[in-house]
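In what follows, chain A forms one complex with chain B and a second complex with chain C.
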Partner chain A sequence: MSSHLLLQAVVLGVLTGGVYSLWSAGLTLIFGVMRVVNIAHAAFLVLSAYLSWFAYTELGIDPLLSLFATVPAFFVVGVLIQRLLLARLRDHVTMMSVLLTTALAITIEGSLGMLWTGSHRGIEISYSTSSFSLAGISFPSDQVIGFVLAALTFFALFMLLRHSRYGKALRATIQNPDAASLLGIKTTTIQGIGFGLGLATAAVGGLILGLIHPFFPATHWAWIARIMAIIVLGGLGSVTGAALAALLMGVIESVVLVTLSPVWAGMIFYLVLAGTLVFRPHGFFGGRLAERF
Partner chain B sequence: MLSGSKEAIGRFVKWGTLLLLVCLALAYPWLFPNPYLRFVGVMTVMYMGLATSWNLMAGNTGYVSLGHSAFFGVGAYFTGIMIVRFDMPPFAMVAAAGVFVGLFAIVIGWLALRTRDASFVIVTLALVYIMLLLAQGWRGLTGGSSGLSLPRMEGIGREDAHVPFYFAFLILLAVVLFTTWWIGRSKFGMGLVAIRGDEDKAAALGVNTDLYKLIAFVLSAGFTGIGGGIYVYWFSYIEPFFVFSITIGVNMILMALLGGTRSLFGPALGALLLVPGTQYLIGEYGSTQLHVVLTGLLLGAIVMVLPMGIIPSLRSAAAHLWSASSGASSAATCTESDEVAEGVGR
Partner chain C sequence: MRGSRLMRLFGLLVALIVLAAACGGDDPSSEDSTDTTDEVSDEPILIGASLPLSGDFSEPGKGVQNGYEVWKEHVNASGGLLGRPVELVIRDDASDPNTVVADYERLITVDQVDLLFGPFSSFLTIPSSEVAEKYEMVFVEPAGSAPDVFNRGLQYLFYASTAVAQDQGNYWAEWVVSLPEGERPTTAAYPIVDDPFAGAAADGIREILEAGGIETVYREIYPPEQTNFGPIAAKIADSEAEIVVGGTIFEDAVGLVRSMQELDYQPKAVFLNTAPATTPGFKDALGDAVEGIYGPSSWASSLTTPGNAEFVETYTEMFGSEPAEDAAQGYTTGQVMAAAVEAVGSTDDQDAIRDYLRANSFETIEGTLSFDDTGAPSGGGYIILQYQDGEIVYLLPEDVATGTPVYPKPEW
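Here is the complex of A and B:
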C-alpha cells in the first residue's frame, strides 16, 4: 500500500464526504426542527436524480439548469408535506411520523418504478465523465462537480441558519418550541419552512447522486441507512455535526475501500453506528439537542 | 342477572367464532385445492404469523422496528445453510432457527435497546443492511449474490407441495398468538405496557425495563426467524436482496397497523385482508410497481385516518354505541373499553 494510493483515497473520500454532508445536513435539519426522522429523505434524493435524468435525456435540459425547477418544487412539496400531513398527527408523533415518511418513501419508489421501470440509470453529461490530475492525484470531474455543488448548497444553508432572522427563529424553534412560540415565533410556519428547506437541499443532493452513482427506484434504502448512520454519529439534529461526521465517514469509507474490500467499506458505516451507540449514544458533536448548532 | 346472561352469550359467540375460524383454517387446503390458491394461503398464514410476531414487540412496548426482515433473513439463511452445507434435518433446523435468531437478537437487542424512538428505528434499519452486506460478502457460507438452492421436500406430489408448509406456518401463528395472549395476561405484559406508557416512570416504579424490553424483542425476533426458516424450505431458494429488503418488514408493520397494534388478532386480521389483495395485484400487474405504490398509499392513509387500526376502532365505536344506548352505565363501559385498549393480548 503506497502512500500515493492512500493520498488518492483520502482525496476521493473528502469529495464523497462533502456530498454526504449535504445529504445528511438536510436530514438532520428536518429531525432537529420537527423531531421527525424523514425516512423518505433518500427517496427524494433518488426522485430528484430521476427528474434531472429525465429532463436531460428526454428534454435535453442541462442537469444544472433543471435545479432551477426542482429546488423550488421540492421546497413547496416539503412545506406541503409538513402542513398537510405531519402537522396533523396527534398521538405517538415520533413513531407515526416515521411510518408516514416510510409510506412516502415507498410511494415514491413505486411511482418511479411504474414510470421508468426498475432499470439502472445514470446521468452522463459530456463534462462529467472526464477527470484531471493535480500533483499526481486524479480528480474525477463528476465527483468534483458534486463536491462543489454540495459545498455551495451547504454553505448557503449554513449562512441562512446562522445569519438570517429566519435562521435565528428556526434555531430557537429547534432549541425550545414552546419558549420560541411564547416569544412570538410562529413555530408551525417555521417547521414547515424547515421541512421545505431540508427537501430543497435534497433536490440538489439528488442531482449529485445522479451524476456520480447509478440509481434505480429502490436504491434509496441503502442510502438512507448510510446517512442515518452519519447523523447519529454527528448527533441527531446537529447540522455541523452531520457535516463533520459525513466528511469523516467519506474518508474512512474510501480508505477501507482501497485497503480492505467494498463489503467492509459498506459495513464500516454500521460498525461506526454501533460503536457510537455503545460509547456515545448522543453522538460526538454536542450533548443535548438544545445545545447543538 | 341480565348482564350475567349477556356475558355468557358474548363468551359463547366469541369462542364459537374462534372455533369456526380454526376449523376453516385447518380445512383451507382441501376447500381450495387449486395450487395457486394454496400458495396464496401459505403466504397469508406466513404474514399473519410474522405481523403478530412483529407486534409482540411493537404493540406491547411501542418500539417500532423497521428492520424485522433482518431476523426473517437470518432465520432463513441459518436454515438454508444447515440444510445445504451440513445436511441437517429440515424441520428440526426450522425450530433451531428460532433459537439461533433468539440468541442473535440478544446481542442486537443489547445494543439497539440502548436507544429509543427515532434512534431505535435507525438502528433496526441499519441492521437490515449489515445483514445484506454479510450475506453478499460471506460467499463461502451464503453463496453470495447468486444465492443458495435447497433440495425440495421429498415424497410429496406437486399438487400437495404447499400443504406441509401451510400447516407449519399455521402452527407458528398459533404459537405466536398464544404467546401474545399469555403475555397480555401476565405481570410481564403489564410491565411492557407500562414501558409503552412511560419508560422512565415504569423504571422508577421498579419494572426491570431493560430486561423486559429485551425479552419481548428476543421473542418477537425468534418467531420471525422461525418464519424465515419455514419460508426458505418452502421456496427452496434464498438470495440476499429478497430476504434482507425493507419490504418484508414494512409489510409486517402495514398489516399490524391496519388490523390494530393494540389487539391480539389485529395484525393477523391485517395480513388476512392484505396478502390476498397484494398477491392478486402482483399476479395481474406484477411487472409494473402498482402494488408498491398502493402499499405506500395505504400505509400513509392508515397513519393519517385510522392510526388505531380496525379492531380497536371497531371496539371503541361499539363501546360508544353501547354507552349511548344505555345512558347511565356509560362511565363504567368507557373505563372498561379503555382498559381493553391497553393490553395487546386480549
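Here is the complex of A and C:
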C-alpha cells in the first residue's frame, strides 16, 4: 500500500462524494419540506440521464445545453406531482408516499425500458475518458466536470434557501409547517416548489450520472439505497448535512476499496446506515430534524 | 337503469368466459381421442422457456430469444419437429431468480408445454433447473456454465455449448503462457464480479497462468451492484500488473476499462469475460478504448460449421442486424433438443430423450457437442476474439481464426 495510492483514492473519493452530495441534497430537501421519502429520486436521475443521452446521440445537442430544457421540465413535473398526487395523501403522506413514489419509480423504469429497451447506455463525449494529472495523481475529466457541476448546483440551491424570502419560507415550513402557515406562509405552495426544486437538482445530477456511469432502466435501485444511507447519516432534511455526509462517504468508500476490499466498500453504506439509526437516529450533521441548513 | 343493464352485460360476459374456459379444458381430451385414430397430429409442439427480457440480463436475454425464434423459423420451414409445427411459449422473468422458478412451474403445470429450453445466465439456470428436475423434464439450456450448475447431481440438465465457465478462456491462457520469454508477461491482475459464472471463468485462466509462472499480484471480488471503479482501477494500477484478466459481465467491464483509461494505466493485454462479445453494446459504450481487448465467444459468424451461414442469413433477415453470441447459443439449444427428439420419435418419453442426449454427439452451428454425466459439454474452450481497428477479429483456435493477435495492445 503506497501513500500515492492512498492519496489517489482520497482524490477519487472527494470527486465521487461531490456528486453524491448533489444527488442526496435533492432527496433530503424533499424529505425536509414535506416528510416525503422520494423512492423515485434515483429513477428521476436515470430519467434525466436518458433524456440527455437521447438529446446528445439522436438530436446532437450538447449534454450541458440539454440542461436548459431538463431542469425547468423537472421542476414543473415536481410541482405537478406534489399538487396532483402527494397533496391528496394529506395526513398519511409519510407512509403512503413511500408506496406512491415506489410506483413512480417503477413507472419510470418500465417506460424507459419500453422506449429505449434494457440495453446499457452511456453519454460518450470526446473528453469523457481523458484526465489530467497533478503531482502524479490523476483527475479524470468526467468526474471533475461532475464535481464542478454538482458544486455549482449545490451552491445555487444553498444561496436560494439561505438568502431569499422564498428560502426563509421554505425553511420555516420545514421546521414547523403549522406555525409557518399561521404566519401567512402558503405552505402548500411552498411544498410544491420544494418538490420541484428537489427534482430540478435531479435533472443536473442525472446528467452527471450519465457522463460518468453506464446506465439502464433498472440502475436506479442501486443508487437510491446509497443516497438514502447518506441522507440518514447527514440528518434527514438537512441539505448541508447531506453534503458533508456524502463527501465523507465518498472518501470512506474509496479508501475502503483500496485498503480492504470492494465487498466491504459496498457494505460500508449499510453499516453506517445501521450504526446511525442505532446511535444517532437524527444523523450526525443535522441535529434535530432539519433545524438548520 | 343503465347501471343494471351494464351489470347484466357484465354477468353475461363472465358466463361466456367461464363457458369458454370449460370448453377449453375439454379440448385436449377430445383431441387426444382423435390422436389415437390418427398417428400424425397437426397439433403444435409447445416449447416453454423463461428469459430475462427486462432487468439486468435483458440485453443477452433478448438475444437468446431471437436465437430461439430463428431456430423455430427454420424447423417449421422444413416441416416441423416430428412432422408437427413448433410453437414457443416465452415468459419474462425480469432477471429475478424467484420469478424464473415460478415461470417454469407455470410452463410445466399450466401451459403444459411438451419441451423446455433454459433461461439466460448461470444465476437463473441454477434455480430453474431444479424445477425441470422435479418434473423430470429434459432441460437443454443455452447459458448456464458455472460449476454450480453441474455439481448438484442433476439428471435432466444439458448445457448446449462448447465449454463450461472455467474452460472458456483456455485457448487464450495457453497462448499467453506460450509467448517467448521477454514478451511473456510476468504479473497479472484479476478483478472479478461476485457471480457464479464470471468468477469461475477468470479463475480458470488464473490457474493456467499461475502454472505457467505468471504471478498473481491482484485478485479481488466486487459486488454486482458496484458502480465506482476508480479506486479499484487505482489499486490494480498500483499493483503494476502487466496484464488484466477481468471476470466481468458488462456494466462492470465498461466501468473498469474507463477507470483504467482515466488513470492512464497501460497493461500489455486485457482479457474480459462476456462483455467483448456483446455487440454492438460494448463498442458503443467504450469507443476507441476497445482496441486490443480480448474476450471469449462460444460462436463466431466466421465459423464454417454446417448451417451457420443460414443461421446468420435468417437472423439478419428477421432482425435487421448480425446475430451476437447469445442468439447463436439459443439456436444451438434448439438444434440439440431437436436432434434428440427426432431420434427418440416422441416428446412424451423425457427419460429416453435424456438418455439419448447423454449417449450421442450433436452437430450444431457451434461445432460438434457431446455431454458428460453432469450435462456439461466436453469441449476444450471458447473461441478467442480481439478488437482490431474497431472490428472483432477471431484469433483462436486456429481453424476459425480470421487474424493474428496484436500484442502488446495499443495504448488507450
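By definition in this document, the second predicted complex is superposed on the first by the 288 of 293 C-alpha atoms of A that agree within 3 Å, B and C clash if a C-alpha of one lies under 4 Å from a C-alpha of the other, contacts with A are read in each partner's own complex, and residues count from 1 in each chain.
The rule is simple: a residue touches a chain if its C-beta (ideal position, glycine included) is under 8 Å from a C-beta of that chain, and two chains touch if they have at least 3 such contacts.
Note that the structure is predicted; figures quoted are calculated from it, not measured.
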| item | value |
| --- | --- |
| Fit-or-clash call for chain B and chain C when the two complexes are aligned on chain A | clash |
| Partner chain(s) touched by A:Ser119 [first = chain B, second = chain C, both, neither] | second |
| Partner chain in contact with A:Val278 - chain B first, chain C second, else both or neither | first |
| Partner chain in contact with A:Pro72 - chain B first, chain C second, else both or neither | neither |
| Contacts of A:Phe31 with chain B and chain C, given as first, second, both or neither | first |
| First (chain B), second (chain C), both or neither touched by A:Thr94 | first |
| Among 6-14, 78-86, 132-140 or 168-176 on chain C, the segment whose C-alpha atoms clash with chain B after superposition | 132-140 |
| Interface residues of chain A shared between complexes with chain B and chain C | 113, 118, 217-218, 222, 261, 263, 266 |
| Chain A partner contacts - residues on chain C that touch it in the complex | 53-56, 58-59, 62, 194, 220-223, 225-228, 230-232, 234-235, 238, 250-251, 254-255, 258-259, 261-264, 281, 284-285, 287, 289 |
| Sites on chain A touched by chain B in the complex | 31, 35, 37, 39, 85, 88-89, 91-92, 94-96, 98-100, 102-114, 118, 217-218, 221-222, 224-226, 228-229, 232, 236, 261, 263-264, 266-267, 269-270, 273-274, 277-278, 281 |
| Touching residues (chain side chain A, partner chain C) in the complex | 2, 4-5, 8-9, 12-13, 15-16, 113, 117-122, 124, 128-131, 133, 138, 140-143, 213-214, 216-218, 222-223, 253-255, 257-258, 261-263, 265-266 |
| Complex interface listing, chain B residues touching chain A | 62, 64, 66, 111-112, 114-115, 117-119, 121-123, 125-130, 133-134, 136-137, 245-246, 250, 253, 257, 288-300, 303-304, 307 |
